[in-house]
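One structure, as structure tokens, below. Some questions next.
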Amino acid sequence: MDFSLSERCQDYLTRVSDFIEQEIVPIEADYFAQIQQQAGNCHVLPIIETLKAKAKAQGLWNLFMPVEPYGVGLTNEEYAPLAEQMGRSFIAPEIFNCNAPDTGNMEVLIHYGSAEQKAQWLPKLLSGEIRSAFCMTEPDVASSDATNMAATAIVEGDEVVLNGRKWWSTGIGHPQCEMIIFMGLSYPDAPKHQQHSMVIVPKNAPGVKVERLLPVFGELHEPYGHGEVSFTNVRLPKSAIIAGAGRGFEIAQGRLGPGRIHHAMRTIGAAERALELLITRGLSRSAFGKPLIELGGNKDIIANARMAIEQARLLTMKAAWTIDTQGIKGAMSAVSQIKVVAPNILQTIADQAIQIHGGAGLSDDFPLTMLFAAARMLRLADGPDEVHRALIAKLELKKYA
Amino acid sequence: MDFSLSERCQDYLTRVSDFIEQEIVPIEADYFAQIQQQAGNCHVLPIIETLKAKAKAQGLWNLFMPVEPYGVGLTNEEYAPLAEQMGRSFIAPEIFNCNAPDTGNMEVLIHYGSAEQKAQWLPKLLSGEIRSAFCMTEPDVASSDATNMAATAIVEGDEVVLNGRKWWSTGIGHPQCEMIIFMGLSYPDAPKHQQHSMVIVPKNAPGVKVERLLPVFGELHEPYGHGEVSFTNVRLPKSAIIAGAGRGFEIAQGRLGPGRIHHAMRTIGAAERALELLITRGLSRSAFGKPLIELGGNKDIIANARMAIEQARLLTMKAAWTIDTQGIKGAMSAVSQIKVVAPNILQTIADQAIQIHGGAGLSDDFPLTMLFAAARMLRLADGPDEVHRALIAKLELKKYA
Amino acid sequence: MDFSLSERCQDYLTRVSDFIEQEIVPIEADYFAQIQQQAGNCHVLPIIETLKAKAKAQGLWNLFMPVEPYGVGLTNEEYAPLAEQMGRSFIAPEIFNCNAPDTGNMEVLIHYGSAEQKAQWLPKLLSGEIRSAFCMTEPDVASSDATNMAATAIVEGDEVVLNGRKWWSTGIGHPQCEMIIFMGLSYPDAPKHQQHSMVIVPKNAPGVKVERLLPVFGELHEPYGHGEVSFTNVRLPKSAIIAGAGRGFEIAQGRLGPGRIHHAMRTIGAAERALELLITRGLSRSAFGKPLIELGGNKDIIANARMAIEQARLLTMKAAWTIDTQGIKGAMSAVSQIKVVAPNILQTIADQAIQIHGGAGLSDDFPLTMLFAAARMLRLADGPDEVHRALIAKLELKKYA
Amino acid sequence: MDFSLSERCQDYLTRVSDFIEQEIVPIEADYFAQIQQQAGNCHVLPIIETLKAKAKAQGLWNLFMPVEPYGVGLTNEEYAPLAEQMGRSFIAPEIFNCNAPDTGNMEVLIHYGSAEQKAQWLPKLLSGEIRSAFCMTEPDVASSDATNMAATAIVEGDEVVLNGRKWWSTGIGHPQCEMIIFMGLSYPDAPKHQQHSMVIVPKNAPGVKVERLLPVFGELHEPYGHGEVSFTNVRLPKSAIIAGAGRGFEIAQGRLGPGRIHHAMRTIGAAERALELLITRGLSRSAFGKPLIELGGNKDIIANARMAIEQARLLTMKAAWTIDTQGIKGAMSAVSQIKVVAPNILQTIADQAIQIHGGAGLSDDFPLTMLFAAARMLRLADGPDEVHRALIAKLELKKYA
């Protein structure tokens, strides 16, 4: 094994880190303060467009995308350390055009989209001109079992008709969101994983309505915005279906692998940030005559966090490498493993960082409750811990069959 | 040992439970929905006054108060099961005039207040006409070590002059808050626990300014409202000092014992509610062909929650009984134990309940993030877990001295 | 609630504690050292008989037994604190004639035995002249599901014929063991809980063979001795069946309630001892310039242990009180709860005490590995944690039916 | 990063795995059964010599040793997966001449030994003709702080004189043990890490006495044998000191890096074996109508074990690679991390495997209590968890200095 990063990866890593350190971190606190003062729903400040242009000009753009010419050809394993850096800031992913769910949606288009679908949507997504959402989870069923999905995408002649209600549709609140990938039931009598279809829906199509934005622990997760969206007799040409009706699950499977690597690595970056905040606070405040860091089990907390982060990072890097070398099928267990491990680590460290901050940690003076809420959400998004543990166990038991 | 409740306690328990079930729970969801739609800071809706009047008429009023004629003479042990019931609703404590920090402030007045102080403030607090705040924690020092407190209460002739900044002042945002108990440094050169004084401050005194309300996990904890408050040359007659300058810690010690019993029991009530929500959701949703409750380790979660709650309740009941029979000094370890145990249990069960609710658990459709945030705050309020664990260990080691 | 002990209980508690402190603890280390030097299987040294006589003479005998005149009429709740004290020493329970499985076997005889069965066995068991074993668990099936039991007790005319293999038969290795209560399948076609019978078997009956003694973590748990026992065509008069064929489960249920209280309270006494050893070592050794107890998270370990023990004790006391006041049926969940809680606490604290002792903790110089092994065994004996958690959850869910 | 194994490593891995599977595993149960029946202390059966010869003939010998011509030149990273395989059997390491403490002792001789020391001891150790022990830990002081070491190695003219008592001297009980590396205090007034010396002591030197063998959880850990050894006026020529008096700590530091990699990887192999036993038992036994593996949280246990093992393995591989590429100084935190992580994982999984085996898991019918005891010991050997966590935290805080 060789744990060193490729030269190319190392080069991008330096550039991305520097950009984040110099351009993004300094404006972040002010950014969120401004956003909170605005009435109504999600906002994006002009500084984002400025920084996007700057990042694009420096070639720090679409780095997540392994397929040339759309990206620069970084493997998942090479992109992963960059994703970690982007995870240190809530706004960084968008600035590098590497934010979910656009990344996954672009990948779906590239791998499964028709020429027409690509022509219509890819350029605008790749340039960062528009953003997109992904509508899969539903409020009325336990969506941990994706086959429960009940919203419909019925083919009627040359059209496909969508009905139903989705929620936790990330990105739907973003002012620039213009397209949605919708997943719905087309053939209830087909085999379980051939019943659903993915359909491209313009956000302004008649019958599409954003019912509300959903708070996560009381905060709107601006500017991404998770929403509840109703689809009422949304009629689209049949050509809006991706890769043919009934292929929704097949596409979803491919879509989620790299996306989970990105999430996991960003989560690890966030965990590093939480640990830094924990240590910095612990060194700067004193009680009972000593810096907090010297008291009780605080050093054990630091050591445990360090061990947990190192292990999670290596596990994620290996999962990325496995996707690169063996494809998504071979990486099924590895991907589920990082899906469980990374958010749990962040939740724990963010909780511990809150504790050492005292009341300040609960407030908006530090990003700790946001980090906590992000972790908490990621333990549910893209499948709850329970579903991934079950899959890991199932694959383990297969060895004994 | 006799684990049965006294007849008197049992009678109040039935009446309080019925009141909560019939009068409070049905209006709660609507109450919070209305509050969220209002602009600005903390609100109280008229329904609260209506329900307060009803509770008072039924004799369900000031039950926390063991001293007659202020209360009906329930012991801490007898009141504890009532507090548990009140913990099932965020608005119940106020309706029964049993909410912090008013409860503690009334106790301080009764036990340490001058005749004049009592005359001025007690009737209005006991009747629920006004509410109060308690200003101890400070933003600029690690307040886990209370002797760090740096805001000043300097005696100058016949006056006492307050300066400094406090935060996490619970109740300060309540529209009816009219008085503050402020704790500040009077004699920096006195022995460590004789340096500080408690002073009664009218909220509208010149120099008192609520700088902002503090969010807890993004929510304002309405209608209680934790605030940051500045005191700038607040001049009061010396008679505003409670029991004499330098006696702040002595008073604080007595104040916190029963208050921690109340908090712990309310927390246990909240934990029962979180468990009910967990089970109800787990029974009502299905995945992979079974109710969620049948899947994976969910029944273990229920069993563990049941065991944790039963134990925490008994520990708290015993702590209350120890205060009643041996006074606060004899209950020091017991009180610190429940201070650690109860909020941690609620945090865990609320987290697990969120998980089984999926995305819904993160949103405001259920009170789970509020329950979680309440637990999270209580792990810091009135001393962080770490300080209480240290005290428990110190008292344990004393046995070996 | 009243957390004080009855005067009678308090009196016995003082006498039992003094006896253990003055008579048993001083000889214990030497006792085990002598036993280990002897070849072959279980041994009992003469000192045990001497101490038994002394305890009997002082009236500290059969205290576990609530039924007069067999015992002195202590309730389960009153006996529990005495059991805790006995749990501080591995040999104490036998000296007070309060050791399992004799206690449960005597209770079975008193409640379900025929006049003849009582006459034959009770006096010798009550006097401590002989000891007994209980044969239920089987090596060939998952005995966590007791209905799996496959050894047979077939009624043939006036006889009952036993066949099969049992293990983890506690007490079978004791040199004074003379009787066995055997549980076996009589009616495979009856309803699930009416298939098995309990049969009294003289240990020297033809066909009974102790195949081997079983080590627990490499140690033989002398002098109790868990054994594997084969029954080959053991023929006994039908009158050896307790209360009638098919009533085995009914009897077992009644048998296990108080027995689990005893185990849980002894376990708590053992946990107190482990904690004392932990603290004593931590105070007496130094590293890096400080007593170990001052280092890292060691004080948190002490605080957590104190909180866990206090809660487990209260839970067990309440379970005992519930048996006393509501019978075993009403105490089902409570009894399963203490069955899970108590051994897990002891395992954790014993493990932590080992850690602070360093290598010494792993050796026989301290009783820590024995305490650990006792806890580890109790997580399986009388039903594994998993079965009890499942029962607790089942009873919880019943509230929602 | 590249997570594939080198061709050379892969080749050895196949051969070592095959050898263990075909030659060692089949004889292991019988081996331990025979050993237990023999009276007295540690034994080695002739089969070991036969298998050693076979392994040597196949070139599967001294693979741990990176320095040619002593080994075949495998890096630490290449050897690690082989160590993992050897960890699957308690007797495998000796058969491949890769067992501690011989491995570390050979490394010390190669790196620090004089020509004379090498000539006398290396050939016999490299050939497996003799075995050795390492005497550092002492019964009378907290050896977690190695500077506490009080046994003396005083230079007197041309001689060095050893006095003191050591324990947990692994390998001392092995019948072929002929040499000891002893660490003792030479210069009490020198700087803290220049006070101690390492001295080579023939086991049969006058004044060396093995006082007793130490049980670990009641078992003697045959054939390795941890012992307590007294040194009474042991006089040796000064040339017995390794590298010069006062250099003990310097040598110890270098010695422990690779040794901890070996331990960690063997521990991971042992954890894989525990997990296999857990799953195999869970699939083969049924309760309540289902295989145990389907019940409660058992699949979560499997998933958690898989995630923990994968992460620990990667962490250890990276630590090995870091030693190879940056030397031991650069790998300090990594080595301490695996020292904590690996044994804790094994302890947890062994405990869970015991639980699913029921009573059988506690007995000697399965190697589970041995696996548990090995893990438990490794949490103390070579420095307890606490010391390593403290070091990890210290190195983490250095980043903020």
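The chains carry the letters A, B, C and D, assigned in the order they are written, with residues numbered from 1 in each.
What we mean here is this: a residue touches a chain if its C-beta (ideal position, glycine included) is under 8 Å from a C-beta of that chain, and two chains touch if they have at least 3 such contacts.
Bear in mind that the values here come from a model prediction, so they are computed numbers and not experimental data.
Enquirer: Any idea whether A-C or A-D has more C-beta pairs in contact?
Expert: Answer by contact count: A-D.
Enquirer: State the chain with the largest centre-to-centre distance from chain D, centres being mean CA positions.
Expert: Relative to chain D, the chain whose C-alpha centre sits farthest away is B.
Enquirer: Express in whole angstrom the distance between the two chain centres, defined as the mean CA positions of chain A and chain B.
Expert: Centre separation, chain A to chain B: 38 Å.
Enquirer: Averaged over CA atoms, how far is the centre of chain A from the centre of chain C? Could you give it in whole Å?
Expert: Centre-to-centre distance between chain A and chain C: 53 Å.
Enquirer: How big is the gap, in whole Å, between where the Cα atoms of chain A centre and where those of chain D centre?
Expert: 43
Enquirer: Of all the residues in chain D, which ones touch at least 2 other chains?
Expert: Correct list: 296, 299-300, 386, 389-390.
Enquirer: Using the touch rule from the top, collect the residues of chain D that touch chain C in their complex.
Expert: Listed in rising order, the residues are 137, 139, 141-145, 148, 167-168, 214-219, 226, 285-288, 292, 295-296, 351, 354-355, 358-364, 369, 372-373, 376-377, 379-381, 384-386, 389-390.
Enquirer: Can you check the complex and tell me which residues of chain B touch chain D?
Expert: 296-297, 299-300
Enquirer: Applying the document's contact rule, which stretches of chain D touch chain A when the two form their complex?
Expert: 1-5, 77, 279-280, 283, 293, 299-300, 302-304, 306-307, 310-312, 314-315, 317-318, 321-322, 325, 333-334, 337, 340-341, 386, 388-390, 392-394, 396-397, 400
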